[in-house]
Amino acid sequence: MITLSHYLILSAILFSIGLVGVYRRKNLLLLLFSTEILLNAVNIGFAAISKFYGDLTGQMFAFFIVAVAASEVAVGLGLMIVWYKRRGTLDIDSMQSMHG
Amino acid sequence: METYLYTALFAPLVGSLFAALFADKPKNLVTGIATSTLLFVSWISSVVLLLHVAHGEEVHVKLMDWIHAGGLVIPFGFIVDQVTATMMFVVTTVSAVVHVYSIGYMDHDKSFNRFFAWLSAFVFSMMVLVMSDNFAGLFIGWEGVGLCSWALIGFWYHKESASWAANEAFIMNRIADLGMLIGIFLIYWNFGSLQYDVVFEQVADKDHGLLMMVTAFLFIGAMGKSAQFPLHTWLADAMEGPTPVSALIHAATMVTAGVYLVIRANPLYSVVPEVSLFVASLGAFVAMFAASMALVNRDLKRIIAYSTLSQLGYMFVAAGVGAYWVALFHLMTHAFFKALLFLGAGNVMHAMDDELDIFKMGGLAKKMQWTMILMTIASVALAGIYPFAGFFSKDKILEAAFATDHYVLWTILWITAGLTAFYSFRLVMLVFFGEERYKIFGYHPHEAYRFMLWAMAPLAVLAVIAGFFEHSFVHMIEHVLPVEEHHISTFTFWTLIIVTQAIALGGIGFAVWKYSKGGFSKKWEETFIYQLLFNQYYIPKIYDEYICKPYGELSRIFWKDLDLKIVDATVDFIATTIYKSGMVSRVVQSGNLSNMLRWMGVGLLILLLAAIFYSPVR
Amino acid sequence: MDHILSVLVFFPAIAGLLGFVVSKESIRAYGLSVAAIEFLLSLWLWFSFDGSYPGFQFVEVLPLIPSFGINYYLGVDGISLFIVVLSTFITLVGMIALSVEKDLKNMIISLLFLEMTMVGVFVSLDAIVFYVFWELSLVPMLYIIGAWGGNLRIYAAIKFFLYTFAGSLIMLVGMLVMAYLYHEATGVWSFSITEWHRLILPENYQIWLFIAFFIGLAIKVPMFPFHTWLPYAHGQAPTIGSVILAAVLLKMGTYGLVRLPLPMFPDASVYMIFPVAILSLIMIIYTAMVAYAQEDMKQVIAYSSISHMGVIVLGTFAMNPEGITGSVFFMLSHGIVSGALFMLVGVIYDRRHTKLMSEFGGLAHVMPRYGTIMGIMVMASVGLPLTMSFVGEFLSLAGFYQVSHTMTILAGTSIILGAVYMLSLYKKSFFGEVTKEENKNLKDLDGKESMALWTLVLVTVWLGVYPKPVLEPINTSVESLVSFMHKKAITKEAKEVIKPKVIEREAE
Amino acid sequence: MLEPISVSMESLNLGTLAPMLVAIAGGLGILIIDLIKKDLDKTLYVMLSILILVVDLGAVFGQRIGDRGFFDVMLIDGIAVLSQIVILAASMLFIPLALTSRRFHEFSYPEFFALFLFMVAGFQFMVASDNLILIFVGLETASLALYTLIALHNRERSFEAAIKYFVMGALAAGFYVMGAMIFYALTGSVELYKIAEVLKAGDFANMTILLVGVSFMIAALGFKLSMVPFHTWTPDVYEGASATLAGYMSVVPKIAGFVVAMRIFGFLIQSDVVWVRDVLYAAVVITMTLANIMALVQHDVKRMLAFSSISHAGFVMAAIMIGTTQANSALFLYWIMFLFTNLGAFAMLWVSRHKDKVWHDRFDHPYEKFSGMIQIKPVGAVIMALFMLSLAGVPPFSLFWGKLYVMSAAVNSDYIVLALIMAINSAISVYYYLKLIVYMFLKDPTQNEGTIYEQNTSKPLQTIIGFSAFMTVFAVVAVEPILEIITTYVQASGF
């Protein structure tokens, strides 16, 4: 039997994977993927809880998250393309002109 | 009478301000004449007042309110009673003489006008001092004479030694003034007023300890002005000033202010025998102490200064044993003959181009006959030989000491009388008689201006005859000062006189004998005693070594090491620490996106850990 | 004229704004006339002041932030009246003697703004308005020190600003707590100082609040160990800056002590007498010694200021009319005397561009008039009777004598040590032979310098001989202040230590 | 089987949406105009934007306080209205800054203005709702628009800034939704008022889990409000963005964030969840102090202002932590005062913006640039000094009153130590503001060209700066009426 807690644990694991990805990856594109994983991990949680409570709100939230994630991707990819055009790399370490 | 009072008081001030107008102008005889005239006016007023109060009356006026704060009310009030009138007479007489004398003495000085401005200002301050009817007013005069003394000692300010001596005098006096100030505070908080009459009325119902404190602190003030041990060193150094100044300020008037204070506050002192005894003992000590230093000194003016010191000691003994009127009497006679002595010394200095070493003089009697005569009169008076003024006052002091059973004091004073006679005539002998040593040094002495000698004449006359006024003086003074008859037998009385006269004459005789034969041998100068006395018991050296230098050193340490390196450095340290921590915390801002994301993670982690492990009661 | 105080406060500011329009050539005349008008206005204030009424006069109230109890609330009593007059007077005199050539226009405008803040501090009766002027006074001073100062001017200016600013922020917290407590007690918000005076607080609250206020004020005074900004500020500031700083700005601290913590926290004030007195004693003796060690004339006077401020603080904490009247009067006299001394050092600095005493010697010979005035002021600073300083110093010490004998004796050493450093300064620079070639042909005082300085000399002597017109209104207000404190005090010790006038004591 | 949902138009209460709709429609309208006719001048778009914002503001004023609408997700309470007014006013002051005398690339795009209006709408959504979903949507709308606006400045550093901001923003969004999920899991609701009710009813049973959720929320909002250590983006983004946008960012997104934080943490603090209070206390102190000491060592004025705005945000967060009516009013007062001053300061930088970096190979506005400005441009220097003094909290300039009120709020709730920390921090902060004044007033100029300080100047910019300066100086008169309005609104919404 798969209960709510399983979903939530899955969600937590995915979230952690996303987090680790955010911290470890040096490529901007992979960073973007990792943040998507983060958001979708939460989506799973929302959907499961929504089912558990028999309440639609959670699913609505999940939809909104999907929508926001999509627009994020749009904006993010746009920025990255510009960056790549200028610098020819998507390595994070290439962005250190501002510090201190 | 009020008019006379104000005239006596303010005439010198007017003179001073008038002279001050010309202060930075070249010499102008008018200043000298104007100030002298105004002083003469003041003298006349003083004499009128003296005659007026001689029969027991008093003049008491209030000019205006000075300070009024809380319960403290201090008016500018002036009182002329018999003590004040005597002081006024002494001050104006000596001042008038000195002013006239100075016209000649300062003849060639380019700061002629400034000199008279300060000299008259001094007289004004002194008048305030003696005429004030309250302790605060006295303090005004007290500080005022200090200021003028500072300016006049340092009159030739281009000389390092003069300006140094001026500062020394001022600062030494300030130390004592603090004591006086504390005394005044004590009086105010316990008597509720600073008026003499109000304070003295309440003496009877005050606590003995309190009175002791009051008198002790006031006496500290007196010690400074009257240069009593241990605050005496400034007086000898003050001889750097022009000689008329020494005559007026450092012999006749200002230095006796301390004695005046004790006399004025006699209702307080007479009920505290402990302090009075201390006053007397210190006086006796200083009398001998100073006389001993005068024995060997080679400096013309310093010898006289030490003699002044010694005579002040006499006065304090008199005041200390309760014979206030005797103290005042001696104060008066002393003022006359000591001023005369100084002025004579001034003539000598003039003649010798400001040379002071008496061993470079000798045989001046031929060139300066009149000066010699005047100085000898003064010296005889100082030595206390009958019938000169000194005899009457000094003898009374010895008698009072003896009669009040202070035999030790009497003995000291008695010996000192001999010493006094000796050093006085040592001086006279070395300066006026014997070998004409000045020729070796190429001096061309000459007698002073005639009018200077004439100016000295009144003092000479007074030095001779003042003593005969003893009875009228007593008659006058008994209105304000206690005059008790001493119960000693006629035999003792005469014995005392004879014994005293004997030692004085002995001193004179020894001096004349010794120095007419060429004085002491060189060997004497190598002995320890001689060195000790010659170096003033090493006291100035000790002060310099153990007070001045450490003070300077400590100040520098406070500044360089404490203020800059600790107090200020702490403040700067706090500031730089904050600034440096800014530099350190910049590492957070590495600009690397990974790091920035990690910081977010760290933040989250801390929050989560806090959420789990930190759970305060809701 | 009901709004004379507002006029006094804002006239210089408006004049300063308009000053931007005035051409560079005429700006000195402009500044002088504005300062003169302001001074006349303050004199008018004095003459229309009723000296026998102890409370606040010419009161103006205008709601500013009424919901938070902040009002534009002005008024003067005998204590503040003369400090106001002093501010306008010193500004005028400083303006007369002003020797700055560079950016004169900016200087004059800053001075006018500074004048506004100075007057503002002394007439405001609302804590926040007080605070506003208090802080605002730092800004023109920062500029004056920083723009016209010596080599270390920027360091000195920033140090001055930061130090005092930090202190006053702590005072601000104290004010907020005070307002809160007032609100708790009455249910009304109020920052009115006169209202606060009426609030009786428990002793432990009083002590904390006292400390908060005291730190802010002590830095300004400046009390040991918060004094180190002052030598830098003075050492670097141009003459006019030092004059105003010493004469008026420092007085804000001591004035604040009389106005704020004393009547607000009488019990705490009594409780704190001992520590405060110890600090004052350190100030008096220690800084006097440090002053003696200085090589720079201006630093001597700077440290002497600290030493004298110690006596003022001590007088304030005497808790009797004699002491407080004395300390208020001493504020005035120190303002005049130290102002004059700084001006005098400025005179020689303008001529020789150095202030080191070793560079001089024999100046009395070269510049006799200068030497005379310096001598008078040195003697005034030393506290000679018949100068203003004596009255203040005498009363302050006399007042404190009632509190502690020993400490007064120690504090009294100020008259000795003061003589030591002041006379040695005078001796080193004015006595002796003229050794340096450059000094041989120095010009004596010129017209404007003489005018400014003789005015100060006149005031010093006039108020030393006849202090009554000033002393009386001060005394009236102080007496009512002290009896108010006496009534307000709750602890037994405070009741004992705070001693109203003798007659009142007997009447009880 | 789900029931069909019938919705009556009335219960939707679409009026509550009106302000945001105005902004969105306006943005679309601008795009359409561009479609119809290319290459219209930026002045047109600027004026259009202002007009749209005016209408928007009118719509905000037209709302009834206490209304809910649109499936009850819109909440029009006092602080919603108040913060919208602030947002719109700040936007209106900001947008004319586009009217520089020099041409800047981004302002020639109509998209800039459209995005700007969308962003405003996003902020309005954020503040006018207590539904976590809507807050999220508003937040993301605004953020995404903002990333783009930053990037539009079209310099390498702008892109770098935008990317940094974007990536961190995405992570923060993840935190936010995670937090929201935990709240939802605990209470079954995403409406804050319901969450509060449920939690109270259950007497905060699952405290630890709740606190984990709160932690995520703090992290997410901490990013928006640039709390240490989530602040790292702030200086870089400010440096990369144009001065004008940086000024805008330091004011408007933060007020929106504050309102959300007030809503989320407010009920927790009011129900005495001590943990939240303590953690916020620590965060506030760290944020204020660390930002301050880092600002001390900056070489660039804009970067310094970035750190200073972090510190100011920390200062104001204290008000939320205190949570009394006075504190919340103080927050708004502070921020309104901050608005004028900060906008003015950034506008001054904007005016002096130079195409080339003549002063420093990295910075546009190093301190050295302003050296001796008083002698070259006295009026400019005085105005800049006014802003700096105000930021430092020197009375009687605007920010002093804000600080006073916040500190008073702290004192009144017995946070005396906090008030002292605030005082000390203010004192530290004086140093770096003073540094600029020192450069401007006390140092000698390095060049004689006055034009360097007015590269971009134009009448509208001067007007804005003059207005800000006026408000800064005469704030004392405005405090009372503003405070009255604020307190009414804040009280009306139960804070």
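Residue numbering begins at 1 within each chain, and the chains themselves are lettered A, B, C and D in the order written.
We adopt the following convention: a contact is a pair of C-beta atoms (placed from the backbone, for glycine too) under 8 Å apart; a residue touches a chain by one contact, two chains touch by 3 or more.
These numbers come from a predicted model, not from an experiment.
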| item | value |
| --- | --- |
| Chain pair with the greatest number of C-beta contact pairs | B-C |
| Whole-Å separation of chain centres (CA-atom averages), chain C against chain D | 44 |
| Chain A-chain B separation of Cα centroids, rounded to whole Å | 96 |
| Mean-CA-position distance for chain C and chain A (Å) | 65 |
| Chain B and chain D: spacing of chain centres that average the CA atoms, whole Å | 78 |
| Contacts with 2+ other chains: residues of chain B | 586, 589, 591, 593, 597 |
| Multi-partner residues of chain C (at least 2 other chains) | 162 |
| Residue numbers of chain D (touch at least two other chains) | 163-164, 167, 171, 235-236, 297 |
| Complete list of chain pairs which touch one another | A-B, A-D, B-C, B-D, C-D |
| Touching residues on chain D, where the partner in the complex is chain C | 374-375, 389, 394-396, 400-401, 404-405, 407-408, 411-412, 416, 419-420, 423-424, 426-427, 430-431, 434, 437-438, 441-443, 476-477, 479-480, 483-484, 487 |
| Contact set on chain A toward chain B in their complex | 19, 22-23, 26, 92-93, 95-100 |
| Residues of chain D touching chain B in the complex | 163-164, 167-168, 171-172, 175, 204, 207-208, 211-212, 214-216, 218-219, 222-223, 228-230, 232-233, 235-236, 272-275, 278-279, 290, 293-297, 428 |
| Chain D partner contacts - residues on chain B that touch it in the complex | 578-579, 581-583, 585-586, 588-589, 591, 593, 595-597, 599-600, 602-604, 607-608, 610-612, 614-618 |
| Sites on chain B touched by chain C in the complex | 23-24, 64-72, 136, 139-140, 143-144, 147, 150-151, 154, 157-158, 160, 162-164, 166-167, 170-171, 174-175, 177-178, 181-182, 184-186, 188-189, 192, 551-552, 554-556, 558-560, 562-563, 567-568, 570-571, 575 |
